[in-house]
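When the chains are written out, they are named A, B and C in that same order, and each has its own residue count from 1.
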Amino acid sequence: MTGLGVRFLLGRLLQTVLVVLGAMALLFALTVIVPGDPAAALLGPQASPQYAKQFVAEMGLDQPIPVRFVRFFGHVLTGDLGTDVVSGRKVSAAISAVLPYTVTLTAAAIGLAVLLGVPLGCWAATRPGSWVDNILAGISVALIAIPSFVVAILLLLVFSVWLDWLPVLGTGRGDGVGEAARRLVLPAVALAVGWIGFIARLVRTAMLEVLAEPYIRTARAYGLPSLDIVFKYALRNAAIPPLAILGLGIGRLLGGAVLVEIVFGRPGLGRLVLDAINVRNYPVLQGAVLVVVLLFVAANLLVDILYSAIDPRIRRG
Amino acid sequence: MARILQTPAGALGTALVALVAIAALFAPWIAPYDPDQLAVLDRFAGLSPAHWLGTDQLGRDLLSRLLHGATVAMAVSASAIAIALVAGTLLGVAAAALGGWGERAILVLFDIVAAFPSLVLALAVVAVFGPGNGHLVGIVAITLVPQFGRVARAQVLTLQSLPFLEAERILGASPWRILRYHLLPNIAGPLIVLASMEVPSVITIEAGLSFIGLGVRPPLASWGTLIYDGYSYLSDSTLPVLVSSLALALATLGFTLFGEALRDAADPRAR
Amino acid sequence: MTPPTPARDDDKIVTMLQVRDLRLVAHTARGPAHILRGVDLDLDRGRILGLVGESGSGKSSLALALLRLLPANVMPPTGQVLLDGVDLLALPAAAMAERRGRAIAMVFQDPMAALNPLFTIGTQLTAALRRSAPASSRRDALAKSGDALARVGIADPVQRLRAYPHELSGGMRQRVMIAMALLARPDLLLADEPTTALDATIEAQVIDLLRGLRTSLAGGVLFISHHLGLVAELCDDVAVLYAGVVMERGPVAALIAAPRHPYTAALLSCEVRPGQSGPLTTIPGEVPDPLATPEGCLFAPRCPMAEDRCRRETQALRPVGAPGQAAACWKSV
């Protein structure tokens, strides 16, 4: 018995580390490739020539590339993501100030999608071919196809502009948890809406397949209660395909979160990145992108851990 | 093709795709106005016989802008997917052919690119190289390469075990010949299906980037740009944002339905 | 058709299972398919009844029909299935579910598919056990499950309880299924080709196991197989099923020694004997199409002794030959 499959997880961890290193290399390469004078690119047109020279020396931009790479690596490993060239703050500070908002939004969206999608999918599986099932099929395709920022804008239009039900912009920080929660609703829904239908369909398909499996027939042959069969047993079997796809979809979710934040004027990585791009604040941009990649990769690793917790056959490999 | 039209979803998807394609191809001829023509006195016009979908904040006819937006969306999709298809296929086939470390290196490369959410990678690259139409197409293509590459590689691996390739090799056929006449026709199928299924993603990324101003450059206007314009002037009129959102939504919906119907039609198991 | 015997006899139910005119029809795209066309069976307590038939004879469907666990495209079976005097087919769904895993238990054909890959053997066994002993604690249930594993000849049962199905060999998995059935302490044990998916040597072991467990089984066993030789080794009585109808039944020794139905005789001649040389015997022709409802005896097209009368009338089972033996042929050999 290998518990949670230590060998499997170590393998995945190693793969993850390799990918993260590669991503860092890619990001580093991007900043190196920046066309034109590196200092001008990093500091923008505002800096004076003396400052630029001083900056170059300080940042070691005149060093050969391999040296810079190693320095970059070292910095990242110690959590130093560089310095914001505009404000002078540490990039890591800037990012950690806004990261919680993005993470909360993404987590809320995932939570919503799962909490609504899974029961919906289970229900549709018990009534295949019914009109509810067909409507669900239709709507879910429609919703997952539409980009989340478009949904965000439409929700904005309907609920805030026309109906004036929910507050629109910002996070309501400082107004208490209730207010923050209210402002989280629309963005989270915008992100989640496509996924609710998608997950429901995935769960439905997986459930239908699982319920037709011989081992479910064994459970029925032994008279196990229907409720137990569906929720204690079949659901676990059926969770596997949706989990895999959710893992892949987190990237889209993160990308969507960035845009949805901008639509609703929420602080978060989206705003940070956009502002950074507009003023050519490369360290911030680099740091933010790196953090997003880390989030994505960490989320996928989490999904893999869940996988191996659920399916003992995976732990072998 | 007939099979695609059999399901209501497939038929709807095909209709929408056809609509977008026609708009994209014939925009300069069927658009009632020049999309860049200003008529500031006529801004935020509602639905009217003169302006079927109203006007934007500078009085430009929205219908015309939307039609040209279709052209932009299709142009970007077609080029990005074409590039990704070629590059991905070459890399995928190479990976399968090389085996060992070469293959592993290519796969790790795929993983690294795939570790970036598409939009975020696009943002990073655009930030570095500056916005530009060519850049846009290039970045989007890069984000797609891993998927095409993996599918191509998987297809080749399945085929490699088939004896007819071995026979060709023994007969002395050059690698190029094998690639062109034997491999490509056989792996083309799934790749084409994948290509059609990627169109909605490309449209979405392009629209998203244009929305934040990092997509296509003026005077070209993509639906994303139009949505942003409408969003900025929500207090003045809700019509522009509505119609441009609708256009984007219908296009992505149409291509998604079409792509899925294509995949189902091509699936031998479904027959 | 023999009318059902009185349910009770000497305060004890002897003929525990009585199946009368069991019919099963499935909806297919091309029309109704007749899977069972009027099956009669009797099974006494403490006896093992073998049900023999080729693929397509409907034997597996019969087991599922007894459990009332048929797929959605199959219509509810008609006829009577009396288990200890109660007609299972007439029970409301809840009452039937009550009996599953308690009065009736089933061992399925493919043990790998029949066990849930995501749960341990212990979890699945205790779930089955809880049906007959709902109040037992987890520790108790596991202990009893371990005992059951030991009884079916699995070494190191405590370790095995924590194992997952894919970690066991095919033979072990089937033993687990048998253990599960034992835990239910059923009146009726249905074994649907339990050894078909196993290697010959493992098959022999499992048959030995089943033979050895006879004393532990308070009820009766319905052993379904396509292999007449296997049935001959294990069972007391045998019923031969063809195209959804019982063609012959009786004590196994009598039937093997002196079959009274041409189909049974044909099946016997197909059995390969050690030292046999020359071409294998086959039965020419094919099993009748379930969509068809031919007149006359269903075996007539392939029967070497068929006459006009065979093709016009069907013959019900009638006693012939040794005591307890019956055949559905007017030309009983």
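Convention: contacts are C-beta pairs under 8 Å (C-beta built on N, C-alpha and C of every residue); 3 or more make two chains touch, one makes a residue touch a chain.
Quick caveat: nothing in here was measured; it's all calculated off a predicted structure.
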Request  = Determine the chain that sits nearest the middle of the structure, using the mean of its CA atoms as its centre.
outcome  = A
Query = Two chains share more C-beta contact pairs than any other pair here; which two are they?
reply = A-B
Remark   = Max Cα-centre separation from chain B goes to chain C
Task = Just give me the whole-number Å value for how far the CA centre of chain A lies from that of chain C.
result = 54
Query = Between chain B and chain C, what is the gap in Å from one C-alpha centre to the other?
reply = 58
Key: Distance from the mean Cα position of chain B to that of chain A, given in whole angstrom   = 22
Set of chain B residues in contact with two or more other chains = none
Remark   = chain A contacts chain C in the complex at 1, 213-224, 233, 236-237, 310-313
Note = chain A partner, complex, touching residues on chain B are 9, 108-109, 111-121, 123-129, 200, 204-205, 207-208, 211-212, 214, 227, 231, 234, 238, 241-242, 245, 248-249, 252-253, 255-257, 260
Query = Touching chain B in the complex: which residues of chain A?
reply = 15, 18-20, 22-23, 25-27, 30-31, 33-35, 138, 141-142, 144-147, 149-150, 153-154, 156-157, 161-162, 250-252, 254-256, 258-259, 262-263, 273-274, 276-277, 280, 282, 285-286, 289, 292-293, 296-297
Message = Going by the contact rule set out above, which residues of chain C touch chain A in the complex?
response = 67, 69, 97-102, 105-106, 108, 110, 113-119, 127-128, 131, 162-164, 166, 177, 180, 184
